[in-house]
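Here the chain labels run A, B, C, D, E and F in written order, and each chain numbers its own residues starting at 1.
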């Protein structure tokens, strides 16, 4: 369905941004494997990004509601 | 009209770039309001960006004309 | 043909990225001409970027093959 | 149903407009998260859990960014009307 | 008029090509402003008015960026022809 | 051939899917080059030729970036299934 396709596209876009951000933040010199500390850093980075996404999404929704009430 | 739609899209793109640039430049730690110095910084930043846009737009147009004369 | 159009689009995208990257890296204060050292820096920067593009392209192809064998 | 009459179908138009709005809102959330993550979390390195300070910063960041956009939009409209 | 004959209408094609060119030019101006604003103004912090030095820097920035693009384009074409 | 039957033509669909895949792969190569060039070459300033160290760094960069993407994708799917 269109709905599903959009959800997938949406998820792909978050994953792309997450990879970029967390790779840049966690991998200074790319070696021959991801060390366990690299993996920990990436996992934390991506968890925090998803947390941030949820908070931002809620705050944005609330702002839109407030603006609609004002007009 | 198509013309108007393009002008609007054009304006939206400038506004988006402006918000990104001036927010990053002026707001270090987002607080509970925009202080008057934040507002002043944002206003100056956006005025200078629009000035720059006009100068760049003119310089680009002149360059294109010069290139066309050369060929 | 579609194939050609894609190759052209592909080349344009590389050229765009290259210009951005090498201009930012090589031109600190834009003067009234490109000095010969500016030109040397830009040429080197763009050669290295094309080298990198070839290496990345090959490494990515190999990774995809490895992943396909695993599944 | 022909292509033409399909394109003019009011139900379809409403559906497409709603989808586009949804897309725009999702794109804006991506954009805001990207900016506010950098403003509020980047400098604090590896963060094992969001503190209330991070949360407040993220919420303020969304509101201040939208204030900033509104300020700039109004200012730009003014400038245009003055024909500068 | 059918879709097919509409798509082959030379007037429409000219109109679409002109619009596309306009779009490309506008996109290029955005891009150049973005780059040249950072090169010429960023480091000078809050600027209450553009000085002639800023203006010259912006104008040079546009020309040098386009020189840079032409240099790279020519070099890349050469490399491709040498089959490297 | 009508538009409708054309859109359902399996040969055309295969062709379009192959083209789209090609586009996606090319876009991914651009993206990886952009990231890995910065990681592996930026800090070394003007480089007159790629050393074997640069080459190894670029190759590792591609593999580690893809590892990183897979790690994050799996983690995100887990999080979603836990309904967090």
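Assume contacts are C-beta pairs under 8 Å (C-beta built on N, C-alpha and C of every residue); 3 or more make two chains touch, one makes a residue touch a chain.
Composition by chain, UniProt nomenclature: D, E, F = Mitochondrial import inner membrane translocase subunit.
Everything numeric in this text was worked out from a predicted model, so none of it was measured.
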Least hop count linking chain B to chain E through chains in contact: 1
Set of chains adjacent to chain A and to chain C: F
Given chain B and chain D, the chains that contact each of them: none
Angular offset of chain A relative to chain B [C-alpha, multiple of 5 degrees]: 120
Farthest chain (mean CA position) relative to chain B: F
Distance between chain centroids, defined by C-alpha means - chain B, chain F (Å): 31
Centre distance in Å when chain C and chain E are each reduced to the mean of their C-alpha atoms: 18
Per-residue multi-chain contacts in chain B, two or more chains: 14
Chain E, residues touching no fewer than two other chains: 3, 36, 40, 61, 63
Chain contact graph, described as a line, ring, star, complete graph or other shape: ring
Running round the ring (origin chain A, first step to chain D), the chains in order: A, D, B, E, C, F
Contact set on chain F toward chain A in their complex: 35-36, 39-40, 57, 60-61, 63-65, 67-69, 71-73, 75-76, 79
Touch list for chain B against partner chain D, complex: 11, 14-15, 18-20, 22-24, 26-27, 29-34, 38-39, 42-43, 46-47, 50
Of all residues in chain F, those that touch chain C in their complex: 19, 22-23, 25-26, 28-30, 32-34, 36-37, 40-42, 46-48, 50, 54-55, 58-59, 61-63, 66
In the complex with chain F, residue positions of chain C that touch it: 2, 6, 10, 13-14, 17, 21, 25, 41, 44-45, 48-49, 51-53, 55-57, 59-60, 63
